[in-house]
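After this come two complexes, each holding chain A, first together with chain B and then together with chain C.
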Partner chain A sequence: MNFDPSILTTHAGEIGDAFLVTVKTWLLGSALGLIVGLALALLIRSLGRWARLPLLALSELIRGTPFLVICFILYYGGPSIGIDLNAIFAGIVCIGFYSSVYFAEIFRSGFNAVPRGQLEAAECLGLGRWQLLVRIELPQMLVIILPALTNLLTVLCKETAILSIITVPELTAVLGGIGTRTFSFAETLVALCLAYLLLVELTARVGNWLERRVGGYLN
Partner chain B sequence: MFDWTSFVHSLPLLGQALLVTLKASLAGNLFGFLIAIPVTALRLSSRPLARTLGASYIFVFRGVPLLVQLLVIYYLLPTTGLPNLSPMTAAVLALSLCSGAYIAEILRGGFLAIPPGQIEAARLLGIGAATTLVRIELPQAVRLTLPSLVNELVLLIKASALISVVGLADLSRVAQNLAASDYLFFQHYLVLALAYCLINLPLTFSGRLLERHLARSQYRAAE
Partner chain C sequence: MSQSPTTPQARFPAIRLDQVGKRFGDHQVLEGIDLEVAHSEVVCLIGPSGSGKSTLLRCMAFLEHYDQGEIYIEGALIGWEIDDQGRRRRASNRRLRQSRSNLGMVFQQFNLWPHMTALGNVSEALKRVKGLSRLDAERRGRQALERVGLLDKADAHPARLSGGQQQRVAIARALAMEPKIMLFDEPTSALDPELVGEVLAVMKRLASEGMTMVVVTHEMGFAARMADTLVFLDHGRIIARGAPAQVFGEEAPPRVRQFLQDYLERNALLIDANTEAPGAMPSSISAGDGAAAATKGMF
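== the complex of A and B ==
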């Protein structure tokens, strides 16, 4: 086996585009999941004990399903119920849909971690529900759940590799394709591993830095 | 809307595929556990070199997507002169190596929770380091981390959907084939999702029960 990294420089443009697709599907998908997850957590919280059951059941079902199967349902099953998306957009929707229930679960535990006494105090001071949420609950909750959010972001970064199976032209698909075309599996797969390690490590570092920055605001 | 004849016809195929999925993920979990024990021991060692070794293993196998690990093991290893692996061997190897890193991270927390006095006592009684690890530390670490270990098994069963890329006829691959044969994509993939939930949800719930049970018994012990 010979190792010739020049195969990567000759395909640099293609690989760069793929890297951008990976980052785009990852970050936009996560942002979508974050917003839907927050809405879901707020909705579940505002519903009564029985009314929230269907939503909780649906969220359990989604969390029991592999990401690959979610992609199959949305991308290949979608057209038969009238949803037809291009691959990259479908990738963003898949990541967003899948992660929303995990984000909702994190938000739920975060809301529970804010001391009850503070909510009662805010109500006594005459704060409205919106003010209570935006000025008391959210800021504290975001600090508490930061480690869990960072963790989920690294998980989602790695899940984007699965989007290659539904033909999204991201890193795994493109580098894998170059490997098969030129039989240079070693160079492409090593580069692929390094790219993901870099993204995951970078996310973890930013998360740690943020935790140190904002951790002081608690207590 | 829902084609029952197609569904009934698919059941025996899905049953066989379920066995492949279960076999790969259970074997992956078992070997992953066996890999995790020495990795945890390295990670918690007092020697810096051993610690770095353990930490690097965890960093690499948790940081690279399982799909990429599968591609490396199935496509790259044979080009280095190693013998070709059968799809099942490659799949179990990838699942074990990956889950080994995750389980090591889980066990680490368990090991750290064991009072150091116990290990000192074992030393004084003349029990060797390996015996202390396997007979004194490990059982307690497993008991403490059982809910997380069950959770990891659920994650691994879900991750095993990827083994179809090395050509195994697991649940995901068979559902893909069924969908390609009669174009009932939505139906077959929905059934596929429910099949995974059928395995995973009971595991998830028993994990939660275990967690509550464990929290209660610790609370009692603390009183």
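== the complex of A and C ==
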């Protein structure tokens, strides 16, 4: 068996499309999870100690479920209750749903890290709840939670590979398919690893750069 | 109270507390507090740590929800609404904000927003609450910074400022909103000794300009010289009040004398340690004579 990278160039169009699908499901799914997660964290915070228990339990349940199982439930369970999603859209929803509880957890720790006194000062000056959140809490939280956010994003990037099981035409599905059809497993698997490595590395760099930028006021 | 309002047209005191009580769980932290603060009056709250000074001050801004009695700020009940049956309900956010607009609060820990510059801190509420344009807010913000002598630090973030400068920015931030009353909770307690003076100087100037002030402080020198009225709290109750000479004077209750004596001894030890002078205690302090020593020796 000889290593022949030309198999990749002959399928370049197909692989490029798959790469875009991976990036799309990853980023849109993460954005969805980020927004739902923030809403969830705010909701949990606004509830009393007992009223928040069901939500915390649900969040615990979702975090205890493998991503693959969540995909099965959403993709194959959806049609049985009348929700039929196209595969890519379903992939975005799966990533968003799954990641929302992790994002919520990160936001919750972030809220706790902003000293109460700063919020009391803002309240005394007449700033409203929303202004507190947008002007005081989020900007400071961002510095604190950025490493956790970057980390979650890289994990989610790799989790998109699971979406191949629910027929999303993303990198793992497409490169795996090419490998099986042409028996060039080595070439396609190396390409697959390199593609994920590229995305993960890029995310880490952007994260680092942001950390240095937004944290500048601390010294 | 010991003072009549200096603004004769004012129909009510700046602050009035009527039988205020507060409990944390089953710990009664404040009990039966009656207090009036006239316009332009400077009231200093003193007393041992844990006696409820911060809680009382925070109740005035409704940062703690007092559960007995009433607190009126510029004539309006703060935080609560009393319904027809006499039950208390949380006042609307709008009403609470209205009451608080009369107050400027200064905290022991400064509580500046570290991600904003000094000017950003000072002009934030002018923009978001008073609705001023960025230009107007920053112009007023600079004026406030100038009042505390920090115009040249407008663009510095809090991490770049000394503790004393941070506290002065915090004072400017409150002043910029033009409150009628300033509340201070141990404004110099978190500061290195050499930075205390600059903050006290700003407060003295405020007092001399006629600002109504309630100050929780351990700076007995400041309290004795600046206060129109001293209020001594112990275990959540006011056990002495009046002009400083009276509260620190010969007829002071034993609890107050004890407190002053402890204070003096602590400071004597400090001075002693600093000068490395032999002979530990100043001879003027002897048991039971603390209050008199305080008025003579310190002020």
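Just so we're on the same page, the second predicted complex is superposed on the first by the 217 of 219 C-alpha atoms of A that agree within 3 Å, B and C clash if a C-alpha of one lies under 4 Å from a C-alpha of the other, contacts with A are read in each partner's own complex, and residues count from 1 in each chain.
Just so we're on the same page, a contact is a pair of C-beta atoms (placed from the backbone, for glycine too) under 8 Å apart; a residue touches a chain by one contact, two chains touch by 3 or more.
Bear in mind that the values here come from a model prediction, so they are computed numbers and not experimental data.
Novice: Chain B versus chain C on the shared chain A, clash or fit?
Specialist: With chain A as the common anchor, chain B and chain C both fit in the superposed model.
Novice: Contact-wise, after the overlay, does A:A148 reach chain B, chain C, both or neither (first, second, both, neither)?
Specialist: neither
Novice: Could you say whether A:G179 touches chain B, chain C, both of them, or neither, answering first, second, both or neither?
Specialist: first
Novice: Check whether A:Y76 is in contact with chain B, with chain C, with both or with neither, and answer first, second, both or neither.
Specialist: In the superposed model, A:Y76 contacts chain B only, not chain C.
Novice: Kindly classify A:A87 by the partners it touches after superposition: chain B alone (first), chain C alone (second), both, or neither?
Specialist: In the superposition, A:A87 touches no partner, neither chain B nor chain C.
Novice: Please indicate which partner A:I165 is in contact with in the superposed arrangement: first for chain B, second for chain C, both, or neither.
Specialist: After superposition on chain A, A:I165 lies in contact with chain B alone.
Novice: Could you figure out whether chain B or chain C reaches more residues of chain A?
Specialist: Per-residue touch count on chain A favours B.
Novice: With chain A as the corner point, what is the angle to chain B and chain C based on their C-alpha centres after superposing, as a multiple of 10 degrees?
Specialist: 100
Novice: Have a look at where A:G64 lands relative to chain B and chain C in the superposition and call it first, second, both or neither.
Specialist: After superposition on chain A, A:G64 lies in contact with chain B alone.
Novice: May I ask you to decide whether A:L28 touches chain B, chain C, both, or neither, giving the answer as first, second, both or neither?
Specialist: The answer is neither, since A:L28 touches no partner chain.
Novice: Check the superposed model and tell me the shortest C-alpha distance between chain B and chain C, rounded to whole Å.
Specialist: When the complexes share the chain A frame, the smallest chain B-chain C C-alpha distance is 23 Å.
Novice: List the residues of chain A that touch chain B in one complex and chain C in the other.
Specialist: none
Novice: List the residues on chain C that touch chain A in their complex, please.
Specialist: 61, 63, 93, 97, 100-101, 103-105, 107, 109, 111-115, 124-125, 128-129, 157, 159, 170, 173-174, 177
Novice: Provide the residue numbers of chain B that touch chain A in the complex, in ascending order.
Specialist: On the chain B side, the touching residues are 59-60, 62-68, 71-72, 75-76, 79-81, 154, 158-162, 165, 172, 175-176, 179, 183-187, 189-190, 192-194, 196-197, 200-201, 204.
Novice: If you look only at chain A, which of its residues touch chain C in the complex?
Specialist: 115, 117-118, 120-128, 131, 135-136, 139-140, 143, 217-219
Novice: Looking at the complex, which residues from chain A come into contact with chain B?
Specialist: 1, 60-61, 63-70, 72-73, 76-81, 154, 158-162, 164-165, 172, 176, 179, 185-186, 189, 192-193, 196-197, 200-201
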